[in-house]
Amino acid sequence: MKIAFIQTGGTIDKDYPKATGGYAFEIAEPAVKRILQRVNLNFDWEIVSILRKDSQDITEEDRQKIRDACERAEADKIIVTHGTDTMIETARELCSIKDKVIVLTGAMKPEKFIDSDASFNLGVAVGAINVLRQGVYIAMNGRIYPWDKAKRNSRTGQFVDK
Amino acid sequence: MKIAFIQTGGTIDKDYPKATGGYAFEIAEPAVKRILQRVNLNFDWEIVSILRKDSQDITEEDRQKIRDACERAEADKIIVTHGTDTMIETARELCSIKDKVIVLTGAMKPEKFIDSDASFNLGVAVGAINVLRQGVYIAMNGRIYPWDKAKRNSRTGQFVDK
Amino acid sequence: MKIAFIQTGGTIDKDYPKATGGYAFEIAEPAVKRILQRVNLNFDWEIVSILRKDSQDITEEDRQKIRDACERAEADKIIVTHGTDTMIETARELCSIKDKVIVLTGAMKPEKFIDSDASFNLGVAVGAINVLRQGVYIAMNGRIYPWDKAKRNSRTGQFVDK
Amino acid sequence: MKIAFIQTGGTIDKDYPKATGGYAFEIAEPAVKRILQRVNLNFDWEIVSILRKDSQDITEEDRQKIRDACERAEADKIIVTHGTDTMIETARELCSIKDKVIVLTGAMKPEKFIDSDASFNLGVAVGAINVLRQGVYIAMNGRIYPWDKAKRNSRTGQFVDK
């Protein structure tokens, strides 16, 4: 088994800015790298960094880059880490890719936080991709949704059945 | 979707002893509880504590208790947290349970450790159980194994294909 | 020994916002509370929350409130947690308080981050206040500075000898 | 300012064993190294590893080694990390060293634990050593004790006034 992890940015990768002052986060190194180092994995993997953007800032051109990266990946199992705000839009862009299983995941709190959901969520994506055969899925809130069966509750931020 | 989480003990639940002195760990509250609190889950769940044992100390009588708990659980999706040393033996005991999907998982480092694999591993079990239909599986080292297709490398502690 | 801990805000207390979307932090519950819970302390203490502001937003009126809180505190040992940007300005406002020892501290990374300096920095303040007799001090970067002997390197954010 | 940190072992440095099976901890790399990396320190320091022992196992010969390391250290500010069970005995051995200030500290939970007191305790030692001039001190439970003014409550593990 081989999994390609594709970084696009989003909350999962947010870190405290190195520069002094200011209120904002920076999107930094892929959190996936730190999470996977804590696990003695028995599969091959690679991490490809495509974007470091808040998902509200992802453009159609960016989505094309993500699609290209999925198509180019040797692995037929792909996990895309992504901001939650436009995760479904990116999933739609990817849904016509054939012969691969693609799972999008992310986090409600950055992986750098003590009380982050990032490690668990990435685990959910990896667990599902072991079993799933083909298609595009969302792994959030402990659930696996076919991409077109999920919507987001904009008040709670939770992904729910459509 | 509803998942029953069954605690049996093992490394995942080890904590530093409250008493002074001594070298040993204590098996404490289910780590599952702390992990799930960090995630805004969109499914129902319950945690049932059956044992708090190192898995080398689990007896046949204990395995029968675990089996009873799986059979009694209302949920047809069950995740058993377990020490890694005899995880496969317990899986064998559970394999004749009908109409349920049971995933056993655990950790190489206690959940209380900064660099634990517990959150990720539990996520792997939850991701897989979203998709799997029936049977008994091991979720360790980022992989989902049908229980009778896994063996453990006793030197590295890693679960591998049989 | 009794220490009064006064919360004014700053990086140490920043948390990820509960609301969806957006780039900014929120200043939340005092980090001091979480840090002290991890230590089996052998002194009395209280936490007083005065402000929850980025220190760049602290006004002269706010500084007067901090001063009032220090004067009102029963304890003669006071630790003020504060944003680093204007920590020295607040120290100047407090320097005429008699018969108390006041130590200002804060953090370069929020206490909620895995790699935060908050616990260590608060420890530095507590260790020094055990020994110091009177005056206003800055506890940052592992050093104790009398407030008028420190300046801040605006490029690195580090407090250094004036 | 320069501080020499001397590792002797104890709970602060306990890690989960790499080998499979077993109930016991291992005493590993000095926790001080990991803690100091999270802080942007403005002083010079070195870490010297002398022992990796539970303090109940420290012999008189071991204490002589610790004493030699303190005397040999170029720095006149020395922090010894040590198991709590015999911290006072080692302090007694060091108390005749002239012209140096030596602070012993440790932890009730290993630094590797999420809820460890290690970072805070080390901070307490560093804060006090900024201010103290000479002598041997214990930094535990948020307090600085001259070594001969502290005793340990064997039931709670807390250091208290003698």
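Labels for the chains are A, B, C and D, by order of writing; each one numbers its residues from 1.
Just so we're on the same page, a residue touches a chain if its C-beta (ideal position, glycine included) is under 8 Å from a C-beta of that chain, and two chains touch if they have at least 3 such contacts.
Since the model is a prediction, treat every value here as computed from it, not as a measurement.
A.B. asks: Out of curiosity, which chains are bumping into both chain C and chain D?
C.D. replies: Neighbours common to chain C and chain D are absent.
A.B. asks: By how many degrees does chain B turn when fitted onto chain C using C-alpha atoms, rounded in steps of 5?
C.D. replies: Best-fit rotation on C-alpha atoms: 180 degrees.
A.B. asks: In terms of C-beta pairs in contact, which of A-C and A-B ranks higher?
C.D. replies: Between A-C and A-B, the larger count of C-beta pairs in contact belongs to A-B.
A.B. asks: Between chain B and chain C, what is the separation of their C-alpha centroids in Å?
C.D. replies: Between these chains, centre-to-centre, one finds 43 Å.
A.B. asks: Using the average of all C-alpha atoms in each chain as its centre, how far is it in Å between chain A and chain C?
C.D. replies: Centres of chain A and chain C (C-alpha means) sit 37 Å apart.
A.B. asks: Whole-Å distance, chain A centre to chain B centre, using C-alpha means?
C.D. replies: Taking the mean C-alpha position of each chain, the two centres sit 26 Å apart.
A.B. asks: Hey, what residues on chain B touch two or more of the other chains?
C.D. replies: Expected reply: 109, 114-115, 156-157.
A.B. asks: Flag every residue of chain C that touches chain D in the complex, lowest number first.
C.D. replies: Spelled out, the residues of chain C in touch with chain D are 1, 35, 38-43, 108-109, 115-117, 119-132, 139, 141-144, 156-160.
A.B. asks: Spell out the part of chain D that touches chain B in their complex, as residue ranges.
C.D. replies: 11, 16, 20-21, 23-25, 54, 56, 84-85, 109-110, 112-115, 154-157
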